[in-house]
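You will see subunit A twice below: alongside subunit B first, and alongside subunit C after that.
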Partner chain A sequence: MFFYAARRFGLALLILFVAVTVMFLMIRAVPGDPVQIMLGPRATPELQARLTAELALDQPIIKQLMIFYGNMLQGDLGIDVFSGRSVTTIVFQQLPHTLWLIFASITWSASLGIALGAYAAAHPNTAIDRAAAAVSVSFVAAPAFVVALLSLLIFAVHLQWFPAIGAGEGFWDRLNHLVLPAFAIGLSWVGYIARLVRASMLEVMGESHVRTARAFGLSERRIVLIYALRIAILPVVTVIGVGMGFLLSSAVFAEIVFARPGLGKLVIDSITTRNYPIVMGSVLISTGLFVISTALADLINAWLDPRARAAR
Partner chain B sequence: MADMTVELQKKTRSELGQILTGVARDPLGLMGLVIVGTIVFCAIFAIWIVPYDPVAMNIKDRLQGPSTSHLLGTDQLGRDTFSRVIMGGQVALKVALPAVFGAMAIGLTLGMIAGYGPRWLDNFLMLLFDTIRSFPTVMFALAVVALVGPSLQTVVLVVMATSIPTYGRVARTQTLTLQNSEFILAERSMGASMARILGVHMLPNIIGVLAVLAAMDIPTVIALEAGLSFLGLGVKPPTPSWGALLKDGYSLIRQTPWLVVGGGLPIIVATLGFTFLGESLRDVVDPKLRKQR
Partner chain C sequence: MSDTLLELDCLSVDYETSRGDLKALRDISFDVKKGEIVGIVGESGCGKSTLISSILRLTAPNTRFREGEIRFKGRNLLAASEKQMRDLRGADMSIVFQDPMQTHNPVLTIGRQMLDIQHRSRSPKAEKLARAARMLGALGIPDPEARLKQYPHEFSGGMRQRIAIAMALMSEPDLLIADEPTTALDATLEVQIIERLQELQREMNCAVLFISHHLGVIAELCDRVVVMYAGAVVESGEVREIFHNPKHPYTRRLIDCDPGHIKTRARVLPTIPGEVPDLAALPQGCVFRDRCTQAMPHCAAQVPPLSKLEEAHHAACWLNHGEVPA
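Let's look at the complex of A and B:
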């Protein structure tokens, strides 16, 4: 397990390293003065001079890359063109809003999806199973931002059940503001997770430990809920870890549609004001987040199921 | 030789026919086929279908609800929403098809090379694929758009770059499985070149699986294009994209619901259609894939 963890995190670090390099090369591949490109047209001459010195543009490109890595290791992602504050601080200020949104979305959709999937697997080929399958496919198909817009239209503008904009103040108000965006992001996951759990549940129900539990005369309810489900939800962990990037993308749109603070809003606002250091910083931090969550999902999976450790 | 080509064509045609029959027998597949067929038909013949010029403004008739003259109403500039929806389908396919086929071609080539080539190249390509996949798609797209500016080409390029790894990985796995099969070993023992083995013998065995992936990938691409255009970072106005419709609809959401409905429903219907078709294709082409995904 230790070696597996070390190898998996080594891979994660390597991926991050390559990602940072790709980012660096991307900025350089765009024709024009890199300082102008990185800071955008709104930067003051002092800031430009400072960055020119910091990036050591007169030095060979390998040296520049080294400096870029060095800054990154110290957590220095550059400086906001307008306020002069550190990009790292600004991004980490907005990040919790996005993480809460993602957490809320995945919590409700995973709970409902697992329940639906388990029920469908325990009663295969009944009307409810078929209905759940049909609904699952349809939900999987709906892109989050379209669902967000339609739910804004129906539940906020017309029915006025939920607030349309902002993140709210105080616990209950915040929760109230979370409902629609979390609904929009989570909807496609319900069907996806339900299908996943149903499939893996049907497989687990045929395994020997379930047969043994049956032989001991345990109630069907106990077998399904305790012995089968515990193993059957394993793939969900991986899927959520790998789906982190997808969730993040949906969160960006949900934040725009519901005018919520967060990473997505920060990036879009920064693109419209051409505040590039913030855009790049957010992309790097969200990439890091994604790489870590994928690695964690793999680790949890390996911990719960020793067979996964052997496979690459 | 000529006879063989004819025979091969005949064979592939009948195979394609078999696949289509298989898809049409499945109710969801048939539905997908009908939806996708309708979208493609509307996109090809868009200019003859639209009742109005999709970019012609008519300020006098702005923000109307549905009526017999404007099936889905009009937008803030008096442009006919129905015409813009139909033309939007054309824009969506113009982005989705080149992006998906481009990604498939590049991913297929790289994946086969990774699977068949030397170990170090395999490791390098896999690391590259893992890295590209580690950028959250929308974030990556936003970064590129910020650097090079929004346009149709940028969207196609970003979508292509982000979906190459998926095709590459699948192509690699398939190549690895095929590598030790007898017909490849026989070909190798006769001294066939790598290009011949990959192009003539491996390709036909991999392409089916990738085509299924492509069909299932198209909705993602359509959604991404619409999403970027919704943010104002995709195709430029006045191009009638579904995302642009949603963008107008979002800013006017308190005045009229019809723009959001007009932009949103086609995206959902198109996504449904391609997903149904893709899933049904998968079951017909390669039932084993069902478990893998």
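Let's look at the complex of A and C:
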């Protein structure tokens, strides 16, 4: 298990390296001189030359990349053009809000989705199964921003059960502020995970080892919850790992609709003001998050499934 | 009570399909006595699997028990509740399935699975594990304590089938159903496992219902044989009788086709020409008629009854009837 984990994280680092390099080159390929954009049209040539040298933009691209990596390894992602504060500080200030939102969404949607899917699979073609299917599909079909706006109108404005905007102070208040955004971006995942678990579960329930478990008189409850679910959950873990990336982009919606601080709001704000160091820093952290979550998903799978540990 | 353990009485089982009812089993009658080994032979699709899943009542949802009874220790299993069935499974009757590679849960250790199947026992965990290790040892698995911590994929096919047999015998059942337990294994392993099974069966004195299409193994192991064709019993009786004096053309052809039986080198291995009839649209009369070289006009008219020819020898063929009713 240890060697598997070490190998998997080595791979994650490699993926991160490739992704960041590509992203770096892409941003450099965007037309327009970043110095001119940052300083505006009325800057003096001396000022422009100074900033160009400061950002090392006069160096060959390979050299620039090496400088970027060198700084990054020291935790330096550059300086915010407007405030002059360190990008690392700004990004890490916003990151916890987004992380909370993502974890809250995935936790409630995965637990409800798995429960719904497993229950439907244990009672296939019953009224409950059909109802669960209908609910799941409508959840999947509902776009996150519509759900966000509607839930804002209904639960925050009309019923006033939950706060409408902000992230809150202190644990309980924060949790209270999380409810609506997490509901909005998690809802379609409930349906998706429920459908996935049901299909996966039905397949596993048809396998020979389930018949063996039945032939030894094990209770149906034990067979479903321990013998089958542990196998049926494997593809779901992978999907959730990849889904973290999608949730990052859904979080952008939620953060704007609910005026929450967070990585998504930071990126949008900095793109509109062309604050490239911040964009670069936030995208780097998001990429890191994505790479880590897929690696974690693989590790959880390896922990659940001894065959995955042995292979590769 | 007599010494009969399992009794099938005119059992008929259908599968409801979109094409109509599939008559998987028709009028099956035979019994298994305490401590006896009964073999069931027949080609693929003859209803062997339906038969054993019916006995355990682990059938597909579209299964319909049309007629007859399955009596185990005098009680009709088809009338038993699901709870009563579950109490029997893995306790009084247990089963070894055909494919050892698929029969264990791939994500749980063998120890965990062997622990779980002792769910009825109130002994402490350590004792249950020790019992599991003893059972594995009895099936010839070296270093069983350490191997309990391993997962199914870390064992070979032969080892996995030994484990499956160990699991089935752990509760010391009265009836062990073995569904082609050695078909997936090579010949040397087959002999080893059969011998081991035979020894343990004598020790525990449990009855075995042994399903196989390997006639050599049946002849070696069983006391009595039931020959099945297209969902019906065509012949049944003591092993020696069936092999030396078969009374049904199908049994004779089956013995002729057994590679172990062929002494001279043949360019073409003998086969039984033709195919098993469609169980959804059975022909009139004898089901084997189309493939039978000795078929008579009467065979098309009426299904031959399974009639007693001698003490403990039954066959369903008009050839054994002196005068055929017109």
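The rule is short, and it goes like this: the second predicted complex is superposed on the first by the 264 of 312 C-alpha atoms of A that agree within 3 Å, B and C clash if a C-alpha of one lies under 4 Å from a C-alpha of the other, contacts with A are read in each partner's own complex, and residues count from 1 in each chain.
Criterion: a contact is a pair of C-beta atoms (placed from the backbone, for glycine too) under 8 Å apart; a residue touches a chain by one contact, two chains touch by 3 or more.
What you are looking at is a predicted structure, and each value in this text was computed from that prediction instead of being measured.
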Superposition on subunit A - do subunit B and subunit C clash or fit: fit
Partner chain(s) touched by A:Leu218 [first = subunit B, second = subunit C, both, neither]: second
Touched partner set for A:His209, first subunit B, second subunit C, both or neither: second
First (subunit B), second (subunit C), both or neither touched by A:Arg230: second
First, second, both or neither for A:Tyr192, with subunit B first and subunit C second: neither
More subunit A residues in contact - subunit B or subunit C: B
Touching partner for A:Trp108 - first (subunit B), second (subunit C), both, neither: neither
Partner chain(s) touched by A:Phe183 [first = subunit B, second = subunit C, both, neither]: neither
Which superposed partner A:Phe68 touches (first subunit B, second subunit C, both, neither): neither
Shortest CA-CA distance in Å separating subunit B from subunit C in the superposed model: 19
Subunit B/subunit C common contact set on subunit A: none
Interfacial residue positions of subunit B with respect to subunit A in the complex: 28, 127-128, 130-140, 142-148, 219, 223, 226-227, 230-233, 246, 249-250, 253-254, 257, 260-261, 264, 267-268, 271-272, 275-276, 279, 291
Subunit B contact footprint on subunit A (complex, rising order): 11, 14-16, 18-19, 22-23, 26-27, 30, 37, 137-138, 140-143, 145-146, 149-150, 152-153, 157-158, 199, 244-246, 248-249, 252-253, 256-257, 267-268, 270-272, 274, 276, 279-280, 282-283, 286-287, 290-291, 294
Residues on subunit A engaged by subunit C in the complex (per definition of touch): 207-209, 211-219, 222, 226-227, 230-231, 304-307, 310
Subunit A-touching residues of subunit C, taken from the complex the two chains share: 56, 58, 86-91, 94-95, 97, 99, 102-108, 116-117, 119-120, 151, 153-154, 164, 167
